[in-house]
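The first chain written gets the first letter, and so on, giving A, B, C, D, E, F and G; residue counts start at 1 in each chain.
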Amino acid sequence: MEALLKLLSDNVAGYGSLASPLQYLLPMVLASLCCIALVALFPIVAVYAERKVAAHMQDRLGPMRVGGWHGWAQTIADGIKLLLKEDIIPSEADRVLFKLAPLVVFAGGFASLVVLPFGASVIVSDLNIGVLYVVAISSLGVVGIIMAGWASNNKYALFGGMRAAAQIVSYEIPAVMAILTVVIPVGSLSTQEIVRAQEGGWLGIGNWFIFKPVTAVAFLVYYLASLAEVNRTPFDIPEAESELVAGYHTEYSGMRFAFFMLAEYVNMFVVSAIGATLFLGGWNSPVFGGPVAFMLKSVALVFVQFWLRWTLPRLRVDQLMYVSWKVLLPASFVLVILAGALAVR
Amino acid sequence: MILDNLHSLKFFLPELALTAGILLVILSDIALKGLRNRLNPLLTMVTLLLAAWFTFQLNDVPAASLFHGMLAIDGLAQFFKLLLLLAAALVVLGSLHSTELASVHQGEFFALLLAVTLGMVLLANSTHLAMLYLSLELVSLASYIMVGYLKTDRLSNEASLKYILFGAISTGSMLYGLSLVYGMTGSLSLYTIRDAFLNQAPEGVSQFTILLILVLTMAGFGFKTAVVPFHFWCPDVYAGAPTPVTAFLSVAPKAAGFAVLLRFFFSGMSQANGTHWELIRGIDWPLVLIGLSVLTMTLGNIAALTQNNLKRMLAYSSIAHAGYILMGSVVLTGDGVRAILVYLFVYLFMNLGAFLVVTIIYNSDKTFDIEDYNGMFKRSPFVAVAMAVFMLSLIGIPPFSGFMGKLYVFGSVIDKGLYWFAAIGALNAAVAAFYYMRVMKAMLIEESNGSPAPLQISFLNQALLVALLLPNVLLVIFWDPIDRWTSASARLFGGI
Amino acid sequence: MQVEAFEGEEMILNMGPQHPSTHGVLRLELQTDGEVVQKITPHIGYLHRCFEKHAENVDYPGVIPYTDRMDYIASMNNSLGYALAVEKLMGIEVNDRVKALRVIVAELNRIASHLLSIGTYAMDIGAFTPFLHCFREREKILDLFEWTCGARLLYNYNWVGGLSHDIPEGFVDKTRQFMAEFEPVIAEQNELLSFNKIFIERTAGVGILGEELAISYNVTGPNLRGSGVSWDLRKADPYCGYETYDFNVPVGQGKFGPLGSCWDRYYVRVREMEESLKILRQALDRLPDGDVQEKVPKKVKPPKGEVYGRTETPRGELGYYIVSDGSPNPFRVKIKSPCFTALAVLPVISKGEMVADIIAVIGSIDIVMGELDR
Amino acid sequence: MITLQHYLLLSAALFSLGVFGVLTRKNAVNVLMGIELILNSANINLIAFSRYSSHGLDGQMFAVFVIVVAAAEVAVALAIVLTMYRLLKTVSLDRADTLRR
Amino acid sequence: MKTAPEILQVLQAQFPEKILKSEMGVLDPWARVEAGSIVEVCSFMKSDLNLSFDTLACLSGVDFKGLKGETERLEVVYHLFSMKQRHKFVLKVELPRDNPSIGTVEGIWAIANWHEREAFDMFGIRFEGHSDLRRILCPDDWEGYPLRKDYEQPETYRGMPVRPVKQFVEMANEGLPVGTNPFKA
Amino acid sequence: MKEYFRDIFQSIWTVLLGMKITWKHLFTRACTMQYPDQRWVLPERSRMRLFNKIEDCIGCGQCVRACPVDCIYMTTEKRTKDEAPVFASDGTPIKLRVTQFDIDMSLCCYCNLCTYPCPTHCLVMTPEYEFAVYSKQDFLYRFAKDKPVAPPKPAHHTPVPEPAK
Amino acid sequence: MSVFDIVFCIVALVTIGSAAIVVLSRSLIYSAFALLFTFFGVAIVYVMLGADFLAATQVLVYVGGILILLLFGVMLTHRLYNLNLKTETFQLIPGLLIALAVFTSLALAATQTHWKRVEKPVAATTETIGKLFMEEYLLPFEIASILLLVALIGAAMLVRRRSDA
């Protein structure tokens, strides 16, 4: 946003003479428009991609009809269908919370985009508590999920909501610990600082944290924990269709369901992007840097999420907790201590 | 002398020992499944002894401020450390043969007890508001859990629920008061706060705000010391908690609460001047405390009169004792502080003794009702006589040590010329005699209404009873060292 | 004042009749305490058509389409059992070609059924890909069937005294080709699913069915063999000349965790597919000449009497108790359904497991509601 | 112009709402919510004072500890409430009166 | 492994009066047991080491009504197998058509629980001592016992028609515009 | 402890194995058939839609008796002597006039049992499988061309299931 | 009025309004969810006071931890599927009077007192806070960790079903 402001005041004549709130407002609006565009477009592409990936892994073709070439317009059509669908609220549901929940869930994912460093100057706001901000704001989604589960007045939905809450809260700890292993050597919570710390090195990738011994393992821990935080297989217990039908959004349809889907895919992107920022060098690249490299890395991580989902069965809820508390947590503790020791040395 | 973190460590050994003890007990509880039931009490005792030994080592060091002004090390700190460690040790021994606690797993119990002790030690010494709040909460949290330790017992559970709700509200109010202090003075350190008050222009100190701060902060201290009107939790919690825990709560956190009360008001809100303290900028905090003191002892004693449950009666009596102790704090003299120390010291033995008797009788009879104590003399003359001694001591009858506590407290008040205050205190002591006598009557004179089977007392409890009886009887005879010790201890860092 | 044991938060969870993983219209009433299931009450009958009443009202050949519809996953085996029972009652002995062909279609159908069972089980546990891989292979078998008898699911192929059609030209080669393609798929599925650590964790040690319990509940088929009992009617009470084939009876070994767990039952099915391939190979090799319809009577009218005929379907022992009064319609046909007994044991073996485990157990006992409710 | 007083008034309002909740609600969990309001109001005070304090970030540091303590306190309180629910099948405070009887 | 006559011999030796009738020459040899002693006989057949019928393969009810040469009766047929001995035997019990009642063998073979519920559901046979004798396949409030020969299917169940109100062909015969010949074109 | 690490290792290893397989399948040919564009060639024995060549039907009613679900309805009347003799394509004389030959395809269970006894092979199941209709009533296929001469008798109709007499 | 002031007013209104819902709503679950907005409002107030680290911590701990705990508390201590979690109030009038008295006195204190204050620019706090933790506030930091440990062990002990004595 700061860069945008500078761009505007440098290139648009008389911009500096505008009233100060307006001066800030315009880039703010522009930045949020960009975010909204990303939030709206990414799920469309990702849903299509996921369906294609899933289909080909299963020797199928996936959507092939809508829009001609390989059914590229399928998700757009689905989106339109969802928008046009009848808005159903179960008669015994809690109407206020039922309507509020998708927005809360969505807001959590959306707000995280603020600190993603797409490029050296392409960032909405380079907060100096960037990583902490993402971790904090993502907890908003949990409340929304419980809200949805509760408000639906459906046992399966409530089960899903409670499981989701328990799961996300417990996996937040190893995720944060894994993030700390990067924060400690960099010495800053700012996402841009962390990316800049990974510049240079052997072939331009040598300083990426994934190529360093402690943080490489931390990446694994982070990635697993992030899978759980966005409820992806093998940790998709909150919405395990074979047990809980669809978990917390069982009763949702139409527009509100679309919001949950958007939030899910945005969250997938956000955790992958944070992973790319922290461990894969962000926008650094030996060949071409900037937003393209960043997006490629994030999308690659998203692809791995797809890949895992269409490969693996899902864990049981107690095994899930076991993985979090007895595997990832001790591992992340050890990693943080190692990272601290290395930083001191 | 304000020390930084590294240099503070060697004066911090008692607390370090306690911390290590907590961790060891937790670890042994997890790792050594077979040994833990025997090992944990042992570990706890060793930790407490070690901490006490370290405290003795520090007896002669000059007063100092540790960890960038977080803690004080001075005479008062040494006294309270030893007092609290002693109380904890006695409670550990007393809890070993308690059937109430035997029904639940005890690994965490000792860890919690050590944690409370650590919290209290820190609380008694903290000179920084953040530290004060944290250690207060450490004491509270651990004691909430200890009160609710019998989790299948409705009484215990309700007691802990009441305790935590009252506690959270009181400490929340105190926190708000502390934040106002911070706002007025811009500092969290008690000494800087005092300096800030001193340096402020007189019109800068709003009397109303000061009063508000006093009321709000007293909510926190009053909660810990069970002072009226922050005492509501006390009877219920004492009655519901396992008896060893009740004994502990009635003595140790109360002492720690008085310690922090002394620190807050004396170090933070008054200025030392020779042998006494001066109020600064018209912050007349003793006025509030006098009112609370009178209220506390009167209400406590009157309520105790009507109780049939011995634990509840002792709870109200402990409220009343808090009132007596508070008397010492309002006179703003070194004698007053010393009176508090003396009272707390003797109170430790008599109250723990009384609760030990309750524990012993509950072990075999499963009752707290005073009527069920009838004819105890026939069943166990030793226990009955011991109880009588504790009761007499609690009343403050001369040959027993309880008398010395009353003597010092009333003396300091009379010294200051507050005759009416002393008179109220004496009147209250007379009222208190009624209900203590009732217990004695039941045990010594009344005929038993049930089976007069002799009481089963384990050897450990017998020894412990003797150990608690002796100070009550003998302290008066060997009073000199106590007098010297307390007068040396009544010395705050930055004070007199 | 001491409360001895805590009572947890009990609640009733209705699983089904419309639930993604109850394999049809099964309704389970779960009494749960948090995630742990305390009591299970199955409610069946949602798919009840009163087959037995139907059978009394149609003639003997007319029952066969109805039998197809019981276990619609393995219709060949169902109608085979019925045809054998009636043949036994009438004293018809079919020729060797019919016998061999019946073995071929039965084993092919067994593979198809197990593929579906394994695939849906994978889906229950959360893995979607193995499901579709299994379905791909199953489709190939269905193609063979369609080629042979004109239908993909409800074949009406085994008739009393013969078969509806002879196999088409080239069937043997096509089947061999399928077998060649299919064999590596088993290995691949094992790698993808059976020996996946998550899958093992989810299924091994869950829903333990002991040998005693299984026999007392008359659990049969792969479920029984999963408990380590080597009991297969093809060996124990051979029909269709099964005694002349060389094959093994796979039993559960308790490789991961206790014997008789979901994983054992699952893996018995996987290995049974291999055994079926073995039988198929022998049957295709020996396939004698003959007329598949030489003994098909115009009017099926068994003498007065009764018979209990049983065969080993993919789900276990399927028994037909037929009482004939000498008329063209059966007087009484009673089905002893293997799924019925398997579901009866479900509440016992999944008590105290978690909700997610119930899914695993239901999937592992492999019930088909069409047969269960009849 | 927003000044220190505005923040203090906000916190005063939160504090009194918290006190109101604590005094009037019967449900134990609801009382806990009131307590959280009280703690939050104190934190606003601390941070507001810290903003206008002459040196350091003492207020903010204190607030961090308050947040930590609040989390611990809620965990313990809820554990106790849960135990109560298991014993009494209710968390209504007027049912927790066995001690008075 | 024992042949059916051998099993019958053992039974007759053990329960001389209880075996009412038997037939050995048929496909599945059977013996008719006195209704009151079926539990006794079954538990013997399970516990006897030579017989050890450890599993109940099938329990069927049969309604003999409208059959020439047969008395009108209900029969309960027990198909017993032994997995250890690998032999089989059939027991039959004769019950009156009105108010049939017999002891439960649930305590001997657990699966009998469900089989007996089914027999109760379909034939109205009461199994005394059964732990949970509810309808199993039909709804709890269904009336009548469907597999009895004189069962009349109700027109409606809870206000819902049980069979189609009208078949298409009936509508066509009434002259309604139903049906085409799709091959006309 | 050893088991703990072995479990972790096994988890990761088997996950990688699975990922290898799915990766391989990502590039194998899909087995999907693009249905309306590509079409399945059904084998000749396929049992799909019932067809009656009514010209050859002699009205013997064997199919009606064979049908286990009673979805074939037939009404016939005797041809009078004075009518010109009619022969089926295989030369069988047709003595009965089929005034109603209705098949309710919505009831049909595709078992094929009706076609076997047909003496003139006029009732067959065709491999035609796209016969969806917009209205369920249109599944009543009416093959009969002749109008009844005699007053109509009630149609032969057996409800399913038939109640016991 | 600047933008800042307007934002503050909105945030304050939301915060107080939702806090009022927390204590006034008859539905327990509404109280719990209203807390979300209170906590968030307070976090924004922190941001406005230049305490960005505190704001993030507030959201992380209060929303991500305490609120979820409270929600679990609500749901675990009631019949789970009873949608109307109504709670009763008592002593409404005295409570109101006391709360009003408290507010008046606090408001008086807030407005009448001469608070010690200096105007200073807002600066980033994270690094300073980090340093303070490791220097002046090291001891409270460590004590806080012991406190958390004790709370963890205690809470786990209390909710554990079996007392494995």
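Brief remarks follow.
Just so it is clear, a contact is a pair of C-beta atoms (placed from the backbone, for glycine too) under 8 Å apart; a residue touches a chain by one contact, two chains touch by 3 or more.
These numbers were taken from a predicted model, which means no experiment stands behind them.
Counting only chains that touch, the fewest steps needed to get from subunit A to subunit G is 1. Ranked by the number of C-beta pairs in contact, the top chain pair here is D-G. Taking each chain's centre as the mean of its C-alpha atoms, subunit C lies 61 Å from subunit D. Annotation: 53 Å between the Cα-based centres of subunit A and subunit B. Per-chain CA centroids place subunit E at a distance of 34 Å from subunit F. Between the CA-based centres of subunit B and subunit D the separation comes to 26 Å, rounded to the whole angstrom. The multi-chain contact residues of subunit D, meaning those touching 2 or more other chains, are 8, 15, 18-19, 28, 32, 43, 48-49, 53-54, 61, 65, 69, 72-73, 76, 80-81, 83-84, 87, 98. Touching two or more other chains at once are residues 1, 3, 6, 8, 11, 50, 53, 129, 133, 136, 192-193, 196, 198 of subunit C. Across the assembly, subunit B contributes residues 103, 130, 134, 137, 141, 144-145, 148, 151-152, 154-155, 180, 183, 186 that each touch 2 or more other chains. Put simply, subunit D touches subunit G in their complex at residues 1-2, 4-10, 12-21, 23-30, 32-34, 36-37, 40, 43-44, 47-54, 56-57, 60-61, 63-65, 67-76, 78-85, 91-92, 94.
Across the complex, subunit E meets subunit C through its residues 26-28, 54-58, 60-63, 67, 77, 79, 83, 86, 90, 109-111, 113-114, 122, 135-139, 146-147, 151. Here subunit F touches subunit A in the complex through residues 8, 15, 18-19, 21-23, 25-32, 34, going by the rule given at the top. Interface residues of subunit A facing subunit C in the complex, by the touch rule stated above, are 54, 57-60, 155, 159, 233-234, 236-237, 240-243, 245, 310-319. Within the complex formed with subunit A, the subunit C residues making contact are 11, 13-14, 19-21, 35, 122-129, 132-133, 136, 192-193, 196, 198-199, 201-202, 354-357, 359.
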